[in-house]
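Please see the structure below; I have some questions.
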Amino acid sequence: MTLKQIFTSAVGRKLTMGLSGIFLILFLIVHVGLNACIWANDGGEMFNRAAHFMGATVVMRILEVGLFVFIFIHIIQGLMLEVSNRSKRGTAYAVSYGNRGSKWYSRSMGLLGTIILLFLVIHWIDFWIPSRFTGVEDVTLSDGKTVHNLYALMQNRFEVTWIVVVYILGCISLAYHLAHGFQSAFRSLGVYNKKYNVMLTNFGYAFAIIVSLAFIMMPVSMYFHWLS
Amino acid sequence: MLDAKIPSGPLDQKWTDYKGHCKLVNPANKRKLEVIIVGTGLAGASAAAALGELGYKVKAFCFQDSPRRAHSIAAQGGINAAKNYQNDGDSVFRLFYDTIKGGDYRAREANVHRLAEVSANIIDQCVAQGVPFAREYGGLLSNRSFGGTQVQRTFYAAGQTGQQLLIGAYQALERQVALGNVDMYNRHEMLEVVVIDGKARGIITRDLITGKLERHFGHCVLLCSGGYGNVFYLSTNAMGSNVTAAWKAHKAGAYFGNPCFTQIHPTCIPVSGDHQSKLTLMSESLRNDGRIWVPKKQGDNRRPNEIPEEERDYYLERRYPAFGNLVPRDVASRAAKERCDAGYGVGSSKQAVYLDYAAAIERYGKGEANKRGLDHASKEEIIAMGKDVVKEKYGNLFDMYEKITGENPYEVPMRIYPAVHYTMGGLWVDYELMTTVPGLYALGEANFSDHGANRLGASALMQGLADGYFVIPYTLGNYLADEIRTSAIPTSHAAFEAAEKSVKDRIEKLMSIKGAQTVESFHKRLGKIMWDKCGMARNSQGLQEAITEIQALKKEFWSDLRIPGEINEMNFELDKAGRVADFIELGELMCKDALDRAESCGGHFREESQTEEGEALRHDDRFMYVSAWEYKGDHNWELHKESLDYEVVKPSQRSYK
Amino acid sequence: MEHNTMNLTLKVWRQKNANDRGNFETYQVSDISSEMSFLEMFDVLNERLIREGKDPIAFDHDCREGICGMCSMYIDGKPHGPWTQNTTCQLHMRAFKDGDTIVVEPWRAKAFPVVKDLVVDRTSFDRIIQAGGYISVNTGNAVDANALPVEKEKADAAFAAAACIGCGACVAACKNSSALLFVSAKVAHLALLPQGDPERKTRVVNMVAQMDKEGFGSCTATGACEATCPKGITIENIARLNKEYMVASLTSK
């Protein structure tokens, strides 16, 4: 079989979704860990230092390109799958099976993913584009090093109510997307042992809730000025 | 004179000898020979696969939407094979002997011995195909005992053995379809055999989606179309199971063997009302642990659990102390009918007896408590543990019972009653499975050959696969070797023309009746006549009445039938009408055959022929023959007798006391 | 046996043939016994329609004991109706109550086109099996059945997968009309047995390719198929198929 087949068959497509999904999950861990530095409550010094590190070396830049490649694979493959899957029924049912047979969010991965994508666009405009291209105010750290003051940028953005609301909605979508996506990704990669499946499913729920909650708490804690 | 073409020589050498001397077809010629197979159950699918593998050009037909739906799929219990994996004294001879004895000495020795010989190969073949038989912890195959035999020779896959075997054969068939050796025709019904110069040369089929009639040529035709239990309307057969293919063959010259030999299975879920469309079997294995009883008082309306132990009549244990609840199917069925007819029946219809698991649950519970070292387990704990054991062994059957009846069999005894299950009778075939029409073969339940007057449990699957995988590939070659010079006959031949016209005329006639009664209502009435007068017990007067009633029913059918819809579309009522028309004619022949056989034999209790204790009485002096009926026109048959000569087994009266 | 009778309203999909547009028709049925099976209720209705000179409702059914896989009704939004691990033919009217309205539709999937009324064409399943759902062993080639021991756990798992009756309820339930539960049950059944090992790579690849060709969707792992499967086939089989597929595609030439 050819490589093309692997990526275009019903199972192969899921394989790419699962692989890219797991990479994105790994990225989320890094992202949430790094951002959690804002709670060091040191006026953002630790956070800014960490953020600088993430953009400082060539390795990180290569990883970043990789991340974008995976994001785009995940998005494009996901949209293509959604379009293809939606075309398979023909005449729609008069009465739907609905939540009796499956959870709503497992049936709404396309929708949740699209919401997350829209959120990401806003998120990139807010942070990533300024930090990489259009420029961010600098700050001098305690050891004299000058870095982008992303912390200040965050404080600035999360003063605005609608942005905070959008972030909360985006993170809730992420939570549900992960609640199904986490275990589904492992299924797509062929984990069929019942024992591990139960573990993975539960771990997936925990991961979805903890990560999303942590992300939600960032704008919230800034909006309410819980940080000094 | 009927010639069964049984090879000479000692019984255990006949098949080996035959195989060594039968004619062969070389591979190049096989590609030119076309084989038509009607029906894709165990016999049909296995034959299609095996013949396709050999290189014949096969066309297979089934009326369902896929060959995998054939009713072989519903067999629950298992498949016998003389493997002797249990080291308990089994052998080819014992399997042969048990089958002959179980058939009440009305089967042909040579065929049955061959069946026993190839039985072991079947298991090998099925395992190689990936049939997931039950296994022991050591990874080897597990066996269980079944229906009155003394050895454990039954291979099984939970309660779905038939399904697993059929799927195996179906997959082998689909493999040949993929390889281009078999052309599969789903939703096609065979409606006529085409006979040219005395040989079967093709069939006429109807496409059940478009209603279109089609002609198909074959150098030979194999009927693997199953049994005709649905002549009784209510049976454990599938709704679509029918006699039409076999009946068309019969009318085209094939003799019908032992039509009245039907098997009544003792453990079915009883009828619940007039709406009933079919009966569901509960595996015979339930009798291994359940106790069968009725109240000692006639018309006792108390709930079963309110009837105290001393007021219960465990009639099988009472009448047959040696075998108890494990007497063969025919004996158990008759005894249940006897109790119900005498007014001791239970349930709302009073046509049922109890199959009680309370004792087994307690026994297993105690065993479990012992195993776990619980000396002071309470009664409730013991019952709970017992239920778990029973659930593991019979859970799927209990669930099925609960789904159908709404009663919980772990708490309340199950109600069971006998139902028509299998037909031992069928098209008469010789040793090569050929009917009296050259080139026309019958395999599996469609033929009469191996089970005599009563089939043993777990033998039907064995026979279907034996015929398809291991018998027909040899015997068919012996016939086709002489056909290699016959080139394909174009279907424009006058015989095809005429056969198609007769099918067309008949369909148009059915459609043009435009009467008032539905097909279903005629079928129900036929079934009632058959069950009442040609069922488990019968007598001369009843059979004569039945013949008259069926003749009248036939007349009414052809003058007052209503079929909605059109010919050239999917029309299930029309399909059914053709089948019921054939059932009506078959019903008459069955009664005629039953009338001729004035002995109690196998599943049939002829009331005039019983011992003083009311047990079945066989008459080997007068009826040691196969009845082969030749069709001679409307209501007219001629009986040919193939006498049964037992060279090896000495017939004796069966006793289970 | 306690039972009651009920009057019901049925909304049934009627479609004369594959080319017809089709629409719902409403029927009233009365005096339906709670002991009847769902299909027997349809029998009663059909008998009436015939007597009234109307066309009876076409539906597939055969064994009526839940094993042949022919029956296929989508009842009130669920394939095979409200009970779990059940086929339409085994559904009994106890599941409903007097006055209920029941909506009955055919399986819906482009790969299962409607033939008439509630009858659909499932030959796509046969073609998927033809693509590799078998073990290539000619009759007579087999070694002794006990020559190759099979771990009991694996044999049991293979049996659990092989219990699939090919009814297509998984496709009907799946939001993507995916046939992956069906395909994976066969792949798992054969891959778990040593006899199926030699062909395991080509089998999974070819069966999946055929599934795609037939126009079934892919799997989103919602679990709807598992929830509706009358034989309790689990989606663990799908994960197993995914692994088989991955290994096959990575190691093929």
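Note that the chains are named A, B and C in the order they appear, and that numbering of residues resets to 1 at the start of each chain.
The definition used in the following text is that a residue touches a chain if its C-beta (ideal position, glycine included) is under 8 Å from a C-beta of that chain, and two chains touch if they have at least 3 such contacts.
Please read these numbers as outputs of a predicted model, since none were measured by experiment.
Taking the mean of each chain's C-alpha atoms, the chain closest to the overall C-alpha centroid is C.
Interface comparison, A-C versus B-C: the higher number of contacting C-beta pairs is recorded for B-C. The distance from the centre of chain A to the centre of chain B, with each centre set as the mean of the Cα atoms, comes to 62 Å. In terms of their C-alpha centroids, the spacing between chain A and chain C amounts to 37 Å. Per-chain Cα centroids separate chain B from chain C by 26 Å.
Taken residue by residue, chain B touches two or more other chains at no position, since every residue touches fewer.
Residue positions of chain A in touch with at least two other chains are not found.
Of all residues in chain A, only 1, 5-6, 9-15, 81, 84-98, 100-103, 106-107, 109, 180, 183-184, 186-192, 194, 197 touch chain C in the complex they form.
Of all residues in chain B, those touching chain C in their complex are 46, 49-50, 53, 64-71, 73-74, 83, 85, 121, 123-130, 132-141, 157-158, 160, 162-164, 167, 170-172, 174-175, 177-178, 184, 186, 209, 236, 238-240, 272-273, 275-278, 280-281, 347-348, 400, 403-407, 469-470, 473, 516, 518, 520-521, 562, 564-565, 569-570, 572-573. On the chain C side of its complex with chain A, the touching residues are 11, 22, 24, 74, 76-79, 103, 105, 108-111, 113, 173, 175-178, 180, 205, 208-209, 211-212, 215-224, 227-228, 235-249, 252. The part of chain C that touches chain B in the complex is made up of residues 1, 3, 16-17, 33-37, 39-41, 43-44, 47, 49-51, 53-56, 58, 60-70, 83, 86, 90, 92, 94, 115-116, 119, 121-123, 125-126, 129-131, 133-146, 148-152, 155-156, 158-159, 162-163, 165-166, 189-190, 193, 195-196.
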